[in-house]
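Some notes on the structure that comes next.
Chains: A, B, C, D and E, in written order; residue numbering restarts at 1 for each.
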Amino acid sequence: ACSGGDDGGDGDLTEVKLQLQWLPQAQFAGYYAAVEQGFFEEEGLEVEIIPSGGDIVPQDALANGDVDYAIAWVPKVLGSIEQGANLTNIAQIFQRSGTLQVSWADSGIEEVSDFEGQRIGSWGFGNEWEIFAAMAAEGLDSTTVEIVTQDFNMNAFLQGDIDAAQAMTYNEYAQLLETPNPETGELYTPEDFNVIAYEDTEGAMLQDAIWADTDRLESDEEYEETTVAFLRAVIKGWAFARDNVEEAAQITLEAGSSWGPSHELWMANETNKLIWPAENGIGVMDPAAWDQTVAGALAAVNEQDQHLITEEPPASAYTTEYIEQAIDDLGDEVDTVGSDYQPIEVTLNEGGN
Amino acid sequence: MARLRAAVLGLLGLVGVAGLWEGYKAVGPEEGVLVGENRVLPRTTDLAMPHVWDMVQRLFEPVTSLGDAEPLWRVVLDASVVSLGIATVGWLVGTSVGLLLAVLMQRVRIAEWGLLPWIVLSQTVPLIAFAPVVRSWGSRIEIAGWEWPSWLSVAVIASYLAFFPVAVGALKGLQSPDRIHTELLRTYAASATDTLRKVRIPAAVPYLLPALRLGAASAVIGTVVAEVSTGYLDGVGRLLVSYAGQASGDPAKAWAPIFGAIGLGLVAAGFVALLGALMRNYRRGEAV
Amino acid sequence: MQDAVRIEGVSKTFVTRSGQVHALADVSLTVGEGEFVSLIGPSGCGKSTLMRLVADLEQPTAGTVEVFGKTARKARVDQDYGIAFQQAGLLPWRTVAANIALPLEIHGVGRRERRSRVAELAEMVGLSDFADHHPDQLSGGMQQRVAIARALAERPRLLLMDEPFGALDEMTRERMQSELARITAETGAAVVFVTHSIPEAVFLSDRVVVMSPRPGRITSVITTGIGRDTARDEALRESPAFFEKVTEVRAALHGAPVRSPALEGR
Amino acid sequence: MSPTTERAARVAAPVLVGVLGLAVWQLLVSVLGVSEYLLPSPSEIWAELGENSQAIREAAWITGGNALAGLVFGAVLGVVLAALAGWARWFDGMLAPVVASVAVVPIVALAPVLNSMYGADSEYGRRAIAALAAFVPVFVNTLRGLRQTTPLHRDLMSTYAASGWQTFRALTLPSAAPYVLTGIRVATSLAVISALVAEYFGGPRGGLGSFISTSAATSAYARAWAYVAAAILLGLGAYLVTVLLERLVQHRLPTGNPR
Amino acid sequence: MQDAVRIEGVSKTFVTRSGQVHALADVSLTVGEGEFVSLIGPSGCGKSTLMRLVADLEQPTAGTVEVFGKTARKARVDQDYGIAFQQAGLLPWRTVAANIALPLEIHGVGRRERRSRVAELAEMVGLSDFADHHPDQLSGGMQQRVAIARALAERPRLLLMDEPFGALDEMTRERMQSELARITAETGAAVVFVTHSIPEAVFLSDRVVVMSPRPGRITSVITTGIGRDTARDEALRESPAFFEKVTEVRAALHGAPVRSPALEGR
């Protein structure tokens, strides 16, 4: 399923499969932009982006050899690595956690320590570890709250089934702001909510990263070359998405996102905020953030007394070698830091439409 | 005449359900009917129970505000057609496997005893537990340039639900001929294949048809679940997930793919009913 | 001339969950070519079992069964006999013609030949006008006639019939008896005919074999003396000679007149 | 085959197939080296079952409770509506398309709306799903059962000048009973699987379904399969209970044509 | 003394999808108290319909039906008759005793009284040892005896029986006939008995009513002359007088001996 033919210079493209962790949407704008703008092709790659649904675990698709690279959250992959998957983080695209815990403005839930005794929403699917890690840092154990699985929308929160709902800055939080308040008939505004950003807590964990197969990196030079080429194109893609937010949102809509246009634009903009500015260059791991993620993963215990991981991950769990190489290769061609990045203002319409 | 009556009554039934929905929504409390702590009847907010007319009206509005957006019903219809195609393949695969198993079990009694309990048990394994495995194995199949398409994984998972009623129903049907008929064929020194062709399979038809209908419904359900599970993009399953995600701001939209899925199932059941009409000679014993 | 059936010292024991059943014990019987032999006796005396042994639907526990000098198995494979049961046993999804054609189809008789043979048989049993009907459109008597036509399809020299008229009402039954007599006279086939009805046995047969149960055995054989050339009609039924033979078989069957309401087993 | 050997073979054959299947599976993993990461071996799953037995029991209890609640509610609804449909043809005609629709609607489709309707912090949405799943077979079978009385028996009751209620009690109900039970038997498995799958789509955590997905999401496949095994056992247990119930009633009410 | 049944100028027309069926045309018949009357005739001549009119299971299109001087409806509500059909029609989930008790139960007879009456009836039909069995554990003859006991449960002065022995084999049937004769002699009930069997009709009846179809009407009534006090036994069956009456009924039924294999309709 991997490289097809030698990547000779005569235009023979190397086939690459990239596994996403969800359906097409602006969260993955950089990859879709790289396809659409021909950045992958410039690098001699033909990239197939494979979306996933509820039960496809991207890092497993990678570990099984179904794909060549996968996008996944760090803590989930740490769990998989402990279970025996041999994977390496080759580019930490999102520098910050985008997870929020949202409650009503009058709920009195203002920080993690207020969770005690509350109904706390989470999607499950391994998205709950950040919550447990943040609570652990506050000395709360997971049995002091009631964890409620959220489904695909925020209705449970809006109807009062959940006291504090998990929300991504780029998605669910926008869903709230696209919903009319039945009392006023107007859309909800940020003032209606209390927002706890995990980025500001001890529990913050690293999210979307690009993962590769460790064994192949060690043994397959061609794969190494492909990896660097792939990363070069990805960097160009994300830089494009940063500099052309509206166009990037349009690209993901055309790639099959079913969100409304204002929602999609919001997502593209918020995703950019999680990436840029990238002080060490896009995708280069900040060791402190890595250590915090590992510490959180070690500390988190779920309500069934199960641990995400019980020991430090191996050294092979991440490397900056390839992303740094890619940044070097690009030189001045692309701004890989985005130090003067400025987000745009997005107005959400009802239903995201 | 009788058909008209059925159609009118059926329509009345649907109107009745819509009436119940709106009636309850009108008189029921926002928070639903609670008995003690227990919510016995649902909430009546627009978020939980959109108006029937909103659901219908939403169908005719564009999916999103994008300039070239198609009306919602069109998108749902297109996706449903794709899902129907996949479900059909799943149904065909499941039916074939079910029939083969049934013939095997009918011919070899030990096989029946050994396999039947496991066939029953197989259906208690939740689909979602192995959907990723199927997709993973499928994605590695590549024969002479032909690559396993992702819809085929969906069809295979759907066939896992569809084969069951067929296997059980066909076995019952193949075992259903009167002894007098099988013995008659024995006096003709007929081969097992002849007995199968001339007696067992025709006699199985009345058992097979309900099994095929159940199988068709299962194939549709399996297809939708597998689409969601594996993240297949072009079917109703995907719309269900996506539009459910937009249900906070656009509650009526989430119902469109539900209607699509139901329509899908009804079309599948209708197709089997048609099959039944074609085979009515083999159902002469059945009470009408 | 060769005997149609030769049964010698046959016993049959069934092993069931609740023990052994001695269905037949040391039964010997010969049926000549073209001879009409009825088996009569109380329920459970082994009439059907005996007939099924001849048809090779069961194997004897002891003794031998020969059909036209061959083993029963060989005779079955060679299609030396035709068979009919109490239930007509027509395939409900086949028309009358297709039902009659079934054995021919299975033995690979060509379409053309099949069609002409079926027409001939339908004519013989008086159902030409019903060839395209399905069994559920026929009365019980008509169905049974189709079954007889089917049994005759391959011109067997031996007909095995297990209470073929048992499910018919008496008037239809009498009519069917006359027809069967005519048909067997036409075809010259030997017949082994199981029945519960004494008048029916006497009316049709050259010999009536009376059996008794537990274990099943032959207790007497009565020659009716009604020749093949005697017309089987109303007049025969009303003749004193017929009545006499009926009384004789009845006596053989009951030993003495039965008074007490003996309970039948299950 | 003698009756005793037959009985033995009936038990031995499925056991043999099961053991054979497990052996092949274990062999694939431990000898042929199919990656344990992808396909955990039976022994690993067994070990996880042991380690998490407490958690698994609690989870099975929750899912089982939801399935049971749904089953009871769905079955009652099925019987009541079938009784009405059996009593009035027009009602049957009105119900037909509704039941046909309920029979083909995928759970995934309904889970989000029902969660929203009943509240994601409660188990009611799931119970409603289990109830809907159980309702269909109970309704269909009960209705069939209620139509099993023969004209002969109805004539007989009529010659006794029996009242409608007397006829129902003495004739209609007993002839329908085996069919109702068959419906319940089919409904049991459906209720369990539906309650389980519904947990994938929101609501409180704690049931088998939510832990299957959580475990799988962190690649803890052996643990996930331990939960799946528990789900299978739960389904099997529920099925056996209803089979037993069916036997019991059939024993008390021989129908003359035992299947 | 009051007549058990008085049918006067009764016609019955069924309206079906394919048109009208004239099941009965201008039928008049009186059955005296304690009299045993058989109805005989070809299939479809309206025997069952006539009986069902008496039982108030159908209403006449024209004419009147009186049972013990009341309307048929009143007689049904008053439980003036007992009824038995060709199929025993036992409730499979009830034991023999509970099946016999069914009509008593429905009419609110107390448990004690019910029990003693059931025991008495089981005794009468010779099934005391089987009171706790379920119908599927009984032979066809035994089931039919339970049905008869059930029909007798409320000591009706009129018994309606529609081919009650039609499904039994001939030997069992003859035994049941003797038993029925004994029981009706004991209870003194009048009987309307539908049958296809000429010997059965002659053996049991005071009068045999012969009917013909399309439309159903009575063509002749034959008094058998076999008194209630004559023993219904083997000797009777073998007597020439019996044979003569059989021949007489046969003649009435067939007009002249039938030769051509006339096709029956469906």
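Assume contacts are C-beta pairs under 8 Å (C-beta built on N, C-alpha and C of every residue); 3 or more make two chains touch, one makes a residue touch a chain.
Each chain and its UniProt protein: B, D = ABC transporter permease subunit; C, E = ABC-type quaternary amine transporter.
No experiment lies behind these values; they were computed from the predicted model shown.
S.K.: Starting at chain A, figure out the least number of steps needed to reach chain E through touching chains.
M.R.: 2
S.K.: Identify the chain pair with more contacting C-beta pairs: B-C or B-D.
M.R.: B-D
S.K.: Rounded to the nearest whole Å, what is the centre-to-centre distance of chain B and chain D, using the mean of the C-alpha atoms as each centre?
M.R.: 17
S.K.: Just how far, in Å, is the C-alpha centre of chain D from the one of chain C?
M.R.: Roughly 50 Å separates the two chain centres.
S.K.: Distance from the CA centroid of chain A to that of chain B, rounded to the nearest Å?
M.R.: Centres of chain A and chain B (C-alpha means) sit 35 Å apart.
S.K.: Chain D to chain E: how many Å between their CA centres?
M.R.: A distance of 49 Å separates the two centres.
S.K.: Hunt down the residues of chain B that sit against at least two other chains at once, touch-wise.
M.R.: Within chain B, the residues that touch at least two other chains are 43, 47-48, 128, 132, 136, 228, 237, 241, 244, 247, 254.
S.K.: Which chain A residues reach two or more other chains?
M.R.: 54-55, 57, 60, 64, 151-153, 155, 159
S.K.: At least two other chains touched by the same residue of chain C: list those residues.
M.R.: Residues of chain C touching two or more partner chains: there are none.
S.K.: Write out the stretch or stretches of chain B touching chain C in their complex.
M.R.: Those residues of chain B that touch chain C are 178, 180-181, 183-190, 194, 198-199, 202, 205, 281-282, 284-285.
S.K.: Under the stated contact criterion, what part of chain E meets chain C in this complex?
M.R.: Residues 42-43, 126, 129, 137-139, 141-142, 166, 169-172, 175, 178-179, 196-198, 233-235, 237-238, 240, 243, 247, 250, 253-254, 257-259, 261-266 of chain E touch chain C in their complex.
S.K.: Which residues of chain B touch chain D in their complex?
M.R.: 5-6, 9-14, 16-17, 32, 38-39, 42-43, 47-49, 110, 113-118, 120-121, 123-129, 132-133, 136, 217, 220-221, 224-225, 228, 237, 240-241, 244, 247, 254-255, 257-258, 261-262, 264-266, 268-269
S.K.: How about chain B: which of its residues touch chain A in the complex?
M.R.: Contacts found on chain B: 43, 45-48, 63-66, 128, 131-132, 135-136, 139-140, 142, 150, 227-233, 237-239, 241-251, 253-254.
S.K.: What part of chain A is in contact with chain D in the complex they form?
M.R.: Counting only chain A, the residues touching chain D are 54-55, 57, 59-60, 63-64, 76, 79-80, 83-85, 119, 121-122, 124-126, 128, 146-153, 155-156, 159, 161-162, 302-306, 308.
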